[in-house]
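Every chain is named by a letter (A, B and C) in the order it is written, and numbering of its residues begins at 1.
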Amino acid sequence: MTETKRPSWWPWLLFVWMVVVIWAAFYYAPSARGFKGESARIVFFHVPQAWVAVLAFCVNLVFSIRYLRRRDALDDARAAAAARLGLVFAVLATVTGSLFARVMWNHFWNWDPREVSIAILLLIYFAYFALREAVADEERRGALSASYAVLAFVTMPFLIFVVPRIYWSLHPDTIINTRGSIDMESRMLHVLIGSLVGFTGLFFWLYALDVRLARLRQKHQQRGEV
Amino acid sequence: MLFLPAMTGGVRVAFDQIGKRFGNRTVLARVSGVLEPGRVVVVAGPNGSGKSTLLNILAGVLRPSRGTVSYRSGDGELPRGRWFERLGVAAPDMAVYEELSALENLGFFARVRGLRAGAGEHAALLEELGLGPREHRRPVGTFSSGMKQRVKLALAVLHDPAVLLLDEPSSNLDEAGHRVVAALVERFRARAAVAVASNDPREIAWGDARIELAL
Amino acid sequence: MRASSLLSEALAVLGKEWTSELRSRVALNAIGLFALTTLIAVAYQIGPYRISEADRPFLLAALLWIILFFAASSGLARVFVKEEDAHTAKTLRLAARPAAVFAGKLLFNLILLLCLEALIVPLYCALMGFAVRSVAGLALVLAFGAVALASTATIVAAIIARASGSGTLFAILTVPLALPLLVFLIQGTRAAAQADAIAAVFPALRAIVSLAGVTLVASVYLFPVVWHD
């Protein structure tokens, strides 16, 4: 991935976009029916956060595999950058989801399949960084954490697709999946999509910054040796 | 001669512009050379100059930050994953299984290398390296460091390697032990590509060629 | 001049592991004691009478696997950590094919797990009054569950042995990977407890076998990367 010279107005565009999204979430989108008060509005933030957490996981996987094949330190830096952001967004998604659950159903945690998936994603991220912390040598750190990322990735489909089917039958109480079962009015859909785009842009901007820092660090290090 | 018949021809190890960096510390810079049957290469230098690191890189256990290492035999270039088949290494950071006896260690490593040699041949090898028959069946954990070193050397030559890397081979050994190692090096000088890393002037004297490492 | 097959080399590694283990008995003691202690503590407090009939299959299945999983975690990492600690890892690395090393150690962990299950499960059923209607179904879940758990544990053990080697790190890395597996194991055990037909465990068994397969395939590719620098 070559460094594209992004114009300097890009972060400002992102800023304006997010401001508009936040405003729209509260004023443009109508109140959702069937929800306690205005609590549904958190969905405009919660869903994109969860989406970015998963996207980050995929980016991490791609660069982990690339690192295993080419052993380029920059690929490891990219994988770690994606994972760092993924962790942040996974935490945000868990917290916002939890708050919503408290308001709607009076419990912070309901063992909804999606809740479990995001919690396990969180555990995977924690494990990933715990592993990185435990290895001093850079190359070994990259190889081991990339291996773990691949291992985690192959287990995930079972979590996301198979376990929910099992859980559904164990727990007869229907838990409304907020995203699926509500007809989204077109205005709400606009805001949701706008928010998705905004959060994705936010992820890539932060990710690019992190990678640029790693690249500079690498150049500095290389210059340091004869 | 109690070693198994030599494998297909000799192996030539060529290393070029080897550099190794650990974090911000550069341990090796631009080291080049060749290991081939017929001459012993000695890697000398003060403590911390990277002798063991170089040997680890040549063994394929460590990747260099820069430079290349190639193993070439009569059949062509050997991929890194197969170097170990033709390689014998004895180093201070390599131990043997202490719960097992000397014979059990040799037996295990022979089996895992796909060798068919039996206990009799292993016993003969151990004796040649100075371990009497009474020691063969005791757990290696009860051995002195000199005796453990002899077992390590036995493991290094068990499969008649085409490349022999010895890191401070006479360490922990008495005079008799030192002579045993010298005889070993002599025996392998013509048939294998030998490298010895050492600070000991007597060991350095074995070398036909020398790579001098600096701090 | 390789006169042997991967299988014989793997069996050589397995043989060495067993010989070492029988002489030192560290892993056997750790796993066995952990399991027995937990089982006795649970059985003493809960026993066969304190759980209502309706909840029994759910709770007892879950408790069984909690005991098995954590007992296993206390000993399964040893197979690689011990090599690094004793400095024999490099010696082994320079003598054996990675596939043989992984296969041998995987088989060792599998046998360890099967022994653990053979010890604990009958005791658990007796002490907790866990009536299992399909013993064959339970046996299948236990057998394939052991394969899946051993696969995950062995590759993670290989990873952490090259890191800090601590038991905590092993637990941190294993839990997210083992959670889906545990869900299916508990579900399969519960099915075996509740239904007579062996087919009741098949849905969970399918998932367990797939998980085992997927983990094994990934491990085959990942182990050489983890094992060598």
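We adopt the following convention: a contact is a pair of C-beta atoms (placed from the backbone, for glycine too) under 8 Å apart; a residue touches a chain by one contact, two chains touch by 3 or more.
Bear in mind the structure is a predicted one, so any value in this text is a computation, not a measurement.
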Open item on the list: Tell me the shape of the graph of touching chains, choosing from line, ring, star, complete and other.
Closed with: complete
- [ ] Determine the chain that sits nearest the middle of the structure, using the mean of its CA atoms as its centre.
- [x] C
- [ ] Let me have the rounded angstrom distance from the C-alpha centre of chain A over to the C-alpha centre of chain B, please.
- [x] 50
Task: Rounded Å distance, chain A centre to chain C centre (Cα mean) - done: 32
Task: Whole-Å gap separating chain B and chain C, where each centre is the average of the chain's CA atoms - done: 37
TODO: Give me the residues of chain C that touch two or more other chains.
DONE: 229
- [ ] Mind pulling the residue numbers of chain B that touch at least two other chains?
- [x] 63
Open item on the list: Give the residues of chain A touching no fewer than two other chains, as numbers and ranges.
Closed with: 137, 139
Open item on the list: Under the stated contact criterion, what part of chain A meets chain C in this complex?
Closed with: 68, 120, 123-124, 126-127, 130-131, 134-135, 137, 139-140, 143-144, 146-148, 150-152, 154-155, 158-159, 162-163, 166-167, 170
Open item on the list: Touching residues of chain B toward chain A in the complex: what are they?
Closed with: 19, 21-24, 26, 29, 63
Open item on the list: If we count contacts the way the header does, which residues on chain C are in touch with chain B in the complex?
Closed with: 1-4, 8-9, 12-13, 15-16, 19-20, 23-24, 86-88, 90-96, 98, 100, 224, 228-229
Task: Partner chain C, residues of chain B touching it in the complex - done: 7-8, 59-63, 81, 84-85, 87, 89, 91, 93-100, 104, 108-109, 111-116, 139, 152, 155
Open item on the list: Applying the document's contact rule, which stretches of chain C touch chain A when the two form their complex?
Closed with: 155-156, 159-160, 162-164, 166, 169, 172-173, 175-177, 179-180, 183-184, 187, 203-204, 207, 210-211, 214-215, 217-219, 221-222, 225-226, 229
